[in-house]
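Next come two complexes built around chain A: one with chain B, the other with chain C.
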Partner chain A sequence: MANNVRLYLTCIRNTLEAAMCLQNFPCQEVERHNKPEVELNTSPELIMNPVLICRNEAEKCLIETSINSIRISMKVKQADELENILAKKFLRFLSMRAESFQVLRRKPVQGYDISFLITNYHCEEMHKHKLIDFIVQFMEDIDKEISELKLSVNTRGRLVATEFLKQFI
Partner chain B sequence: MAYFNGASRAVVNILSKLRNVEKPVPVDHSFCELGSIRYHIQVSASDQENIFFSISTPRLSQDEPNPNGLADFILQDIKTKYFNFADIIQPPKEGYTLTLKLNFSKLTRAKDYTKAINMVSSLHVAILNSQLKDTLKNLWMGDIIQGSTMPIKLVNHKQEPFFVFRAPKKVTAIFPMRFKDESDVILATSFFQELADLGSKFPKAPRCEWSPIPPQELRGEPFENLSTNGGFVSFGIFKRHVKGKKADKTAWILLNFQQYVRYHIKCTRGFIQRRMRHRLEVLSEAIEQARIGGEPKIRKEVTKQRKTWLRFSKSKQLKRGIKAFADQMKRLRLRIKIRGLGRLHRYCFHVPKFHALGWHAKLD
Partner chain C sequence: MAAVAVHQFAECITCHAWSPDQSMVAFCPNNSEVHIYKLFGEKWEKMHVLSKHDQIVCGIDWSLKSNKIVTVSHDRNSYVWSQDGTEWVPTLVILRLNRAALCVQWSPKENKFAVGSGAKSICICYYEQENNWWVSKLIRKRHESSVTTVAWHPDNILLATTSTDGKCRVFSTFIKGVDSKESESSSSDLKFGEQIAQLDLSVTWAFGVRWSPSGTILAYAGHNSMIHFIDDVKSNPSAQSIPLRDLPLRDILFLSDRVAVGVGFDCNPMIFTADDTGLWSFTKYLDQRKAAPSSSRGSQLSEAFGKLYGTSKQVPSNDTVEPSKPRGGAHENCITCIVPLSKRGNTTLCRFSTSGLDGKVVIWELDIPK
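Here is the complex of A and B:
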């Protein structure tokens, strides 16, 4: 299982290393504007082929590249209802505080749980390899955090139920 | 468990202050707690010893014979427990179910006084427990009509009824659970499943069961009572759970079960929020470290080290302080430039130079 995850993350890392070749490119349609082309999607010559990396039906990663920006969208594993609401709450919490991360999108792409938007400006301000490390680390941390949250909630429930039933003794 | 300690803190505070008052002051407090319990405390300035304490509690069952007051067995129960310092006033104050005249003058020890105040603050617990115990007792004693046993609907908190039903050898308490938020439903469901799973580990505790659909005992009840999103939790109460002193505790726990579940969900949500905030901070630090030329964490450590070194030389610190002050004064003087005040500056701030040797004016 761990190997499976390693392969999945390695594939994403290699794809990002290849895709993250961004340069400044002013908008072709509006003068003196500079927009991330991957979001506009108006000029097909500036958009590369999107890459979809699937670990299984529930987990996948979509990487869309353009000349000056890259968008990474992730779907996180949600095994049951509890993981579903925990993932929803947690990712919504992070998205609402997207300014702390700078590269995080406030609203995920439809069909995915969370999205990043990296522009050429981010590549100028940050180290490219560290940015990729951050994305991969983020994915690992999300899975780990959701699993830990689920375990903690169940453990709390068990402790509270034990204390409740002890009252009758 | 602190949550099931039903004493009213407001009542404890008010009654404690009345003991320590120096001047006789009239007191008239009316307040409400838990949404449905109303209190009224009155003391006149001329008669500080007698405290009139009125309370209004919700009616558990709609079938109670006396809708405006309390049943005789409850009054008898209260008389037995509170005879030391309280007398029941009949009829009770208008709008209240019970009025007591409290007189703590006979209680000379502080310990006895504190105990009496705690008993008065838990009066609503005693009333509600008595009502539920009576209902359970009637169920135990009553005859079961073959093929038709009707559940009794009880309401402690508004819009949160629960049912008690006589079964062979036990009484079943059924709680329909309703929640506003979908996430609350899922958290509560996982809690109920834990509660049901732990039944085998605590054989002396009432057996708990959870089902998403209404149990068979409630078939026939109106639809509004059966429409829930959190399912139905059932407790099987046996005779051993209502024997002696356990009866009060069991009754109070059952009365507050729904509120207890809500409290647990609220605490769980707070816990999840705290974990998420912590993770956010960790991830934010990770992205900051990706910046070119910036690893703020290490920088902070270096500045901290610098500050620790500075603390050792106090004389240098003092010199620097004086120098900073002198610089500030110079800046202030230079900053304020008002026309016409130049002369004033020269007259006020100019110190004349005294030439002690070699210069003097000859006086004729």
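Here is the complex of A and C:
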């Protein structure tokens, strides 16, 4: 199982290395504007084919690149209802604080749980390999975080139930 | 045979150009200004700041004979700066563009310059003596997307362009009164804006077009990590496409008719040489690196590239995880610009300089056997 994760993350890392070749590109549609082309979606020649990397039906990663920006959308593993709620709440918490992350997108792309938007300005300010490390580390940590949250919810539930039922003994 | 000098000028450099005597360098530190630095012994001192543009200056060229600087910017304007004593005086050039300008180059005779723009057109500007200003003529047809790079042929008339529609085109820019007619060429080819050739070798965006010093070979890079060499474009074109191992190139420079340097997202200049039969191949990376990337990483990268560009490359996958290593080497971020430096004395050493998004200007030296 661990081997499976390694393969998935390595595949994503290599795709990002190839896809994150961004450059400053002024908008072709509107004068004096400079906007991420992957979000604008007006000139088809400036956007590359999107790549979808699936680990299984539940976990996948969509990478859409353009000449000056890249959008990475992830769907995290949600095995049962509890994980579903935890994932949704946790990722919503992160997305609302997208400004401090800089590369996070405020709303995930339709059909996914969380999205990143990296532009050429991020690549100019920060090292490309560090950005890719961050994204891959994030994906690893999300799974760990949600498992930990689920564990703590179950533990707390057990403790509360034990305390409550003690009065009936 | 490596980096001779490394200078950190700013956080990030968009483009740079050298003065005719190579004592001064002009560059744009990723904002709307152009900084000119002069070398005093070992130290670089900021001499001038040219600030007339409103948006980022994306192209600078310094003419060697007439000592004029031309700058173009994303704000659709272009200025020609001439030195008046100790100050640089700008002259506005009316480009008549309605989108950003992306690249600029002086012609070999320095009586014209070409500007590529996001308006899917090229401007050829020449000086009109009677009115004392620079006039522009536009080539509006043919391009389906932004023009990323322009390159003049040594004959001062042919212009090669690359565009984000993936095509490389060669145009004639003959202007009556500025250019003199050569008796050998046919008159039909010499009409202004006439497209001589269109090359469809690249499936994706094309950058960095350059002519060889004799004007017989044309080279440009495709974003799918390929470099294309075309021999004899006008009459009987024959092309060679070389796939690169890693990331794509942004700019190319010919050091001679047989040696070319490519720079790009690998942060390391690549040398390409042609053998006696004219067959081009990749020779080596110029910079010595500490950690050599393993071959498995290269094959997985090419597979990833294949997916992004809709082509399929069957490569066996590998189990090991490759943590990203900091590369080490002269440049830490993408190299965007490469400029030739003239040779000193009668040596076989060729010098050129590169600038990148890490804010460094690096001077390289390479031995080219005759």
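The working rule: the second predicted complex is superposed on the first by the 169 of 169 C-alpha atoms of A that agree within 3 Å, B and C clash if a C-alpha of one lies under 4 Å from a C-alpha of the other, contacts with A are read in each partner's own complex, and residues count from 1 in each chain.
We adopt the following convention: a residue touches a chain if its C-beta (ideal position, glycine included) is under 8 Å from a C-beta of that chain, and two chains touch if they have at least 3 such contacts.
Please read all numbers here as calculations on a predicted model, not as lab measurements.
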Simultaneous placement of chain C and chain B on chain A, clash or fit: fit
Touching partner for A:Lys89 - first (chain B), second (chain C), both, neither: first
First, second, both or neither for A:Ser100, with chain B first and chain C second: first
After the two structures are overlaid on chain A, angle v-u-w for chain B, chain A, chain C in degrees (C-alpha centres, nearest 10): 140
Partner chain in contact with A:Asp141 - chain B first, chain C second, else both or neither: first
Which superposed partner A:Glu81 touches (first chain B, second chain C, both, neither): first
Chain B versus chain C as contact partner of A:Cys21, first or second or both or neither: second
Touched partner set for A:His127, first chain B, second chain C, both or neither: both
Partner chain(s) touched by A:Arg32 [first = chain B, second = chain C, both, neither]: second
First (chain B), second (chain C), both or neither touched by A:Val109: neither
Distance of closest approach, chain C and chain B, by C-alpha atoms in Å: 9
Interface residues of chain A shared between complexes with chain B and chain C: 124-125, 127, 130, 133
Chain B-touching residues of chain A, taken from the complex the two chains share: 81-82, 84-86, 89-90, 93-94, 97, 100-103, 124-127, 130-131, 133-134, 137-138, 141, 145, 148-149, 152-154, 156-158, 160-169
For the chain A and chain C complex, residues of the former touching the latter: 3, 6-7, 9-11, 13-15, 17-19, 21, 23-28, 31-32, 34, 43, 45-46, 48-49, 51, 65, 67, 123-125, 127-130, 132-133
Contact set on chain C toward chain A in their complex: 11-12, 14, 30, 55-56, 58, 74-76, 98-100, 102, 118, 120, 144-146, 164-166, 204-205, 223, 247-248, 250, 265, 297, 300-301, 303-305, 307-310, 317-327, 332-334, 336, 357
Sites on chain B touched by chain A in the complex: 1, 4, 182-183, 186-187, 189-191, 194-195, 198-199, 201-202, 204-206, 208, 241, 246, 249-250, 253, 260, 264, 267-268, 271-273, 275-276, 279-280, 282-284, 286-287, 289-292
